[in-house]
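Structures incoming, each one as structure tokens.
In the two assemblies presented below, subunit A is common to both, partnered first by subunit B and then by subunit C.
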Partner chain A sequence: MHQSILVFRNFRYLKWAASVIAAAVVLYVFHSPEYGLPNGGTWLGYVLGTIGAVLILWLMWFGIRKRRYGTGGAPVEDWLSAHVYLGLALIVIATLHTGFQFGLNVHTLAYGLMMIVIVSGILGLMAYIRVPELMTNNRRGMTLTQMMHEISDLDTACRETALSLGDEINQIVLKAARDTRIGGNVLRQLSGNDPNCATRQANQAVRHLADHAPQVQAEGFRSLLGLLARKEELLARARRDVRFKAFLDIWLFVHVPLSFALLAALMAHIASVFLYW
Partner chain B sequence: MEILVTYLTRRKKGGVSRRTEERSAEALHFGRSTNAEVYLADPRIRFEHAVIHHRPGGLFIEVEKLSDVRVNGQTSSNRSIGVGDVLGIGPFDVTLVEPPEGKDISIEVELVRPLGDDYAQLAARSTVRLEDYGLSRRLWSWVGFLAVLILFLALPAWYFFQHTEASAEKTVGRRFDAVWNSGPISSQHQFISDKCNICHEKPFVQVRDSACLSCHAPVTHHFDGATAEISNVPQFRKLPDKTCNDCHQEHNGSQAVTISKESFCIECHKDIERKLPQSSIKNAGRFDLDHPDFRPDVVTDSAARTFNRISISNSAELSENSGLKFPHDAHLKKDGIRGPNGKETLECRSCHILPRGAANFNPIGMEGTCERCHQLVFDPRRPDRTLPHGQANNAQMLIREFYSDYALRGGVNDVQAPAPDITRQRPGEQTPVTSQRQTAPLAWADQQAQRVADMSFGKTMCGNCHEVSSGSGKGPLNWSVVPALINKAWLPRGRFDHSAHSDMLECDSCHAAETSKKSSDVLLPKIAVCKNCHGGENVSNKVPSTCITCHDFHLPGTSRMGNTKAWRKNPDGEAGEMHNLTSIEGKN
Partner chain C sequence: MPDSVKIAIVGSGPAGLSAAGRAAATGVSHVLLEQRDHLSDTIYKYQKGKLVMATPDVLPLRSDLSFQIGIREEVLGTWGTQITGLKANIRFNSEVTAIKGEKGNFELTLSDGSAINAEYVVFAIGLQGNIRLLGVPGQDREWVQYQLNDPDEYSDETIVVVGAGDAGIENALALTKQNSVIILNRGSEFVRIKQGNLTAITTAIEKNQIDCIYSAETARVDDDGIVVKTPQGETKVKCDRIIARLGASPPRKFVEACGIKFPNADPSSLPELSAQYESNVPGLYVIGALAGYPLIKQAMNQGYEVIEYIQGKQLKPADEPLLEQKFAKIPGNRSVLEILALIQGSVPLLSGLTTLQLREFLLDSNVHVPRGGDVIFERNDYTNSFYSIVDGEVNILIDPEDETKVISLGKGAFFGEMGLLSGRRRTATVMASMPSLLIETPRRSMIKLINSVESVKRVMDEAAVGRQIQTYIAPGIPLSDLQELIQTVKVEKFGQGEVLFREGEAGDCLYLIQRGSVTVSREVGGKEAVISYVAAGNYVGEMALISKAPRSATIRAAVAVEALRLDGGPFQALMARNEAVRRTIEARYRGRMLQNIESTEQPEAGGIIQFLIEQGLGEATDVLLIDEALCVRCDNCEKACAETHQGTSRLNREAGPTYQTIHVPTSCRHCEHPHCMVDCPPDALRRNANGEVYITDSCIGCGNCERNCPYGVIHMAAKPRKKPGLLQWLLFGRGPGPGQAVSGKWGPDSKKEDGGPKKAVKCDMCKDVTGGPACVRACPTGAALRVEPSEFFKVVSSGL
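Take a look at the complex of A and B:
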């Protein structure tokens, strides 16, 4: 499915975007402003600026369009494919619109926000191409909820197994159940790891105690260690799943809010250049 | 000790199920140990948690070290207990009830604090979605949108409209609308860089020429568009429509405000001969490819002060008729020439003085330049008496008066001079000078004067440098001198900065003065000499040079930039009022 976004309709929108880029570059190369430096105020500057502004509004409309299933018109796949390619074309359009003039002002702010939005979109696209396959392989047919259910079951089993073992073991097992968590803050979710994982610590502690356990408890320790190892493995997979999900989501937290900031910057940009024409 | 243990389990639908066990033991042990009389299967219960002993004084609870036991809610260690007490043993409540017949102790055990749902707890502890960690696309979208809108649009706009009416003179500190500034102001306009309204007079209106002309009022145009010869050329009608900022752009920092694209000039000048056939302006293109050779404005008649532009390649006609005879080669002899204090070797700068930083040399002339060597002493016996320069008649009178005076006063050391007429006079009596007494001395004086004048004017002095003739002058001795005219600028429409070039070049790099034998030589280099170093505007191996490197757009003598609107009243090409016309003649 992810491949089909890029090759969609035999690269129809790639061809569109490439045409727009090629036209813009050719015009830019052969158009030197009548007397001055290349900038957004020449006729080509106004043309590229208008195309860029319309593109930005159209690209942002995708956020609304994708929520309206079955409302007719082009399918969302078309929209997404075009969104990707025309969004990439915007890099060239807007850069040529600037005439490579940058400064500490609202104009370059709008350009910078736009570039961050596009780059975050590229990261998102890369995530959407790569991550789902990794996610499927990692899940092995389970959902995250199922994994968490199984982890809980293992906790119960651990406790039951530990009942026949020493007090210290029971404390460890109880703590392992109570303190183990999946995910957490943004960085923790993205890292896919928990350096202070209570289950891992419990596993190590139990293994250490097992070495000194009396023979009669050997069976109990063995099954407890087995359960803990299984739980640790499941936890690692669950955390990777959270990590992959975060990869699929995190770019949107940049992409969407900054595109609205860009919208405001674009309004300020257009208003200001004509106020101070 | 006979023991009755009742395990209570509360059903979800209400009601309590009871399961009883009877035990017989020395003491009543609680714990996870299978040996315990009351086996409590919970990880929170220690292996051996607590023991109840039956002693003569009654029941006594013994709490294992570190075990969690509360008696009636109070954390407790070893103590006596009795019927009615509730023992909190870990998550269990153990209530001592009245023992039935035959039993020493009866308890009810109930798990009141179960571990709960492991999954629900794990889910509650875990944060597996970014949204659950305070990230909200909607919230941050609003924050980003509003923050940028307020900081970069609302505040600057508020400031802008607050200050539009305010006087531009009002100096403001930090402007909120500075974030709108598309680029730094050039250094020339830096002093008004915080007074945007001076140029941006009205919102949503492009900067108008009137704003520029409010300071730059004297700037003139390129030609007078009202003349018929201009207004009849369709291409030229566009020029008055150009605004100042078509060619002069601000907010590019250190970049020049003036646009120097040669294409702007070439557009008209590439075939100006066809567009303006009545003009003598030549077609011109890129400096390195299509620029015509120089056409110096040479003196055709120094007396009539007439000039004509003749191409430097037209060697047959190219002649500077300055009225002077000046061989550069004779003055620049390497082995020196005779000077007032003996032999000396002259250099160009001995006569051509370039003040520091000046574009052009000081004017050259007899006074201050030639006269150091060429003193106008006409009688070697009186080197203190010199002729006035530039006044031929006056000079001839001076010569005649000089010798007349000599003749009449005597004292002339000349064997041919007549003896003075000495007549005795009585004291207090003046003898009138009779014509008879004058004749002989004046005849001598006139003869002397004519001889000296012929020599001075004809050979040794005036005629040495000037075109002279005898028999035609108005002076008493009939000599006349053709007025001299030294050219100040061979290229009246081109700018050339000698100072800027003297750092790198010797004079003879461009001017072949050392071999010039006649003053009629025009010692201007051909344009090819310039092209040794200067190329077109896009060259990389030479000095990039555009039209305005040497030429001005705003030409003197044309109407002011602000007057061009009047031209546009005649869109049909009819000439407007013929006011203040500058005809397009051969000066460009």
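Take a look at the complex of A and C:
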């Protein structure tokens, strides 16, 4: 219907980021320091380092800005679009700032953390772009709560149908209602699946028993199997929904804590440069 | 031999009670007749602990009883003690069923068959009406109830709910949590209920959470249940409790049966009264909500005054100081009476008003004294007030490009009626051309007046027809040239979904939409497919007149519609006579031809329009949509709303239907004719120039708007306390975070019973928030957007 954050305002922030990158590259190429290779210690190194540090602080400020509602200024969508492009520009700026000198020290630690934050950001961005539509299609107009309600209604219906089908079936159906889980730990959520799904097992067991059931119970089995199949289908959709939501959230658990770690490392990096240099 | 008194007062609400208090204090013989076994039934039925407001604050109280803001129990308690202290003569359980006779000799019949004679009768029965009972044997059993205060009071019961209106459905749904519920529906489906309730009840029935018996008539109530007649025969439904929600019969029938006349059938019309509250039946007085004064304080004042008037005393009305204050701006230092006479003398529209109506009209209005050159309102403003010119002159700037094109209106004229009728933006800017004296009246008072005074309605309708044709069809043509066309105009009303005309019919007329909106649809592959949407202030049906071919599309009312029907003959004559009119209309014709062709290539657009119309966009002026292809479900929009609006989000992102990827969350549509405004006692719902419908602080928390809004977007909520700032939460975890529910320590002031005064809250489009709608501004991905439907539909029909 309208634009995503990438094409937002006709790529305004991509253009900004591109100009910053272009300027950095041009300067870097024509820059020939008096001693040795270009690095953080030259005047260009200082310029790039300062820009990089300011950018990091600004990128982190986004977390605050996002929660300052009703304060005017540019809408959050502008902020995010700029965040993404300028965040990506940081790859070039910081790399040039290092002058490709890496080692086992706090400086390279900061650089590494930054790259992880950026990569997680890229993953998040991919999720933001791809997942909403998948999620919408999967929901078919229902909310997760509505799916849950319907699942529990199906459980009731299953129990009622099972009443006429003997003890064994009753036990199976009860267990299916009691032990079926949606969600769970992170990995389970991300997989969108439950290998030990109690409902699937019940469905298999009932199907097996149905083969040997007497004629009088055939109708009961048929409707029970129908209900279980419908429940399995809904469960699959609900689990997929949980999975999509997890995709939309999980990367932030890397992105945000590591940006704080990055902030700490960055301060250590700056302090050590000025104290021990 | 019936009892005999000088004054009989019917109804012990604040109006009747105050009247009885005055009568007792002055020692006249009187009786106060109340149908229930307690005083003030309307207030008695307020929710427990409800804070009763004493608005308007500026109005002085004139009564022998005291009244100030306080909780329901206190207010009723104080009145009880005071009225006993005054030794008023009260008869409970005495419903008046008929009044006969004349001044000096009325006879009132009571429900128990006894009668009372009175010289004067004061009618103070309010507007709540009589709750409809089941009307079958056993209807009075103690487990048959006609109201439900707290659904959580009952558990593990089998409960039969009778009545499939909104109230019955809401009760039934609330009761299912702890009980097994059966609902009886007289019809074969659910009709005329809110969309939200319809979905909720049908899903509940599908899921067997509620049983529903359709086409069910109640036959009687037995010891153990209710006997129901259905087309299949009689059955008994065993139950522990019956809750009947059959609505109330409005008191108007009864009032009319007593001989009191109403000017017309519109439910908002009021009986005509003299300045002393006397009706057209001499000796029969009407006060309180029934007389059009919907607040407690006003009702009490009138109770006092009416007794004084009956006893021949003169009083300055209690509102005199308010009017004095209003008129203070008017130069010349004149008295209130002089100014009233001046107004009525100069504005013919108001000449048919009684003094009481005029006073009430002015109390609601504002007086303006603009200088020459002052702008009164701007083109495209959403204001919907109405102006009368008492003195001076205004210029209407009809052409936005050319400031010199003006129509002047002088003393006695009025303007602003078009916004009132269409509920849409102002069509022109109006400017005072010399020092003037204007009266601005809010929409609600004007509507009340139009429906209560026949002459006002007539004059308004006549002027409106001419001006609308001038504005929307033939700009710049003098009215005298349009007379032939105007003569043929008929105002026609269409209910939602009704057809104005059908594709293939012969076309002999044109419709100018005055109120509401319509959809245009065509037959595509044997099915009717919507191709576009036309809002108020536009016309339809010109195509057949120009091409002389049959109608090329079907026009259906998207919401309730009022349209002016213009005859084809005089319209074609006008086009033949006038080059400019012909050219604009033909340009429109060509545009629509093109659209018809395009639309057949855009079949999916029709589906979206149809869907959005079903969601109420046909009457919306601004609505929040979410593009689910972009929405990452972070709920930042809801958090932003809550954060900028005292902790309660006025939108529910997830609720509401979705079509393809367009999602309509539960949030205010800012309707053209807001349903929520209809019944607000203090007129607290307003609309401002940008179109947003908002609630002022004068809300008394009665909940009428919550019930009247068909989209379920108004909640009753108490104001929470101020919570610690964002940094404190981030760094120290103090208080609830952004958008988190506020409760407990940071929740509403817990000292007041029931969580402080609950008031209505709804979306105000962030009119007081810097930068505009916080929801849209907080959305990181641009999924949330606010749209003006008529613009949006244009985009949709020309392809997404």
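The rule is simple: the second predicted complex is superposed on the first by the 274 of 277 C-alpha atoms of A that agree within 3 Å, B and C clash if a C-alpha of one lies under 4 Å from a C-alpha of the other, contacts with A are read in each partner's own complex, and residues count from 1 in each chain.
Here is the rule we use: a residue touches a chain if its C-beta (ideal position, glycine included) is under 8 Å from a C-beta of that chain, and two chains touch if they have at least 3 such contacts.
Bear in mind that the values here come from a model prediction, so they are computed numbers and not experimental data.
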Field: In the superposition, subunit B vs subunit C on subunit A residues touched
entry: B
Query: For A:211, is the partner it touches subunit B (first), subunit C (second), both, or none of the two (neither)?
result: neither
- request: Identify the partner contact of A:167: answer first if only subunit B is touched, second if only subunit C is, both if each is, neither if none is.
  value: first
Task: Applying the touch criterion given at the start, work out whether A:153 contacts subunit B, subunit C, both or neither, answering first, second, both or neither.
output: both
Message: Once chain A of both complexes is superposed, is A:256 in touch with subunit B (first), subunit C (second), both, or neither?
response: first
- prompt: Between subunit B (first) and subunit C (second), which, if any, makes contact with A:69: first, second, both or neither?
  reply: second
- request: Determine, under the contact definition given at the top, whether A:181 touches first (subunit B), second (subunit C), both, or neither.
  value: first
- request: Identify the partner contact of A:245: answer first if only subunit B is touched, second if only subunit C is, both if each is, neither if none is.
  value: both
- request: Check subunit A for residues that touch subunit B in one structure and subunit C in the other, and list them.
  value: 149, 153, 156, 245
- prompt: Which of the residues in subunit A end up touching subunit C in this complex?
  reply: 1-5, 8, 64, 66-73, 75-77, 79-80, 127-128, 131-133, 135-136, 139, 141, 143, 145, 149-150, 153, 156, 245, 248
Field: subunit C to subunit A touching residues, read off their complex
entry: 207-208, 627-634, 636, 639-640, 643-644, 654-655, 657-658, 661-662, 726, 730, 738, 766, 769-771, 774, 776-783, 785, 800
- prompt: Where on subunit A does subunit B make contact in their complex?
  reply: 32, 34-37, 39, 101, 103, 105-107, 109, 113, 144, 148-149, 151-153, 155-156, 159-160, 162-164, 166-167, 170-171, 173-174, 177-178, 180-186, 188-189, 238, 242, 245-246, 249-250, 252-253, 256-265, 267-268, 271-277
For the subunit B and subunit A complex, residues of the former touching the latter: 32, 34, 41-44, 46-47, 115, 117-119, 121-123, 125-131, 133, 135, 137, 140-149, 152-153, 156-157, 160, 177-184, 196, 200, 203-207, 246-247, 249, 252, 255, 259, 261, 263-264
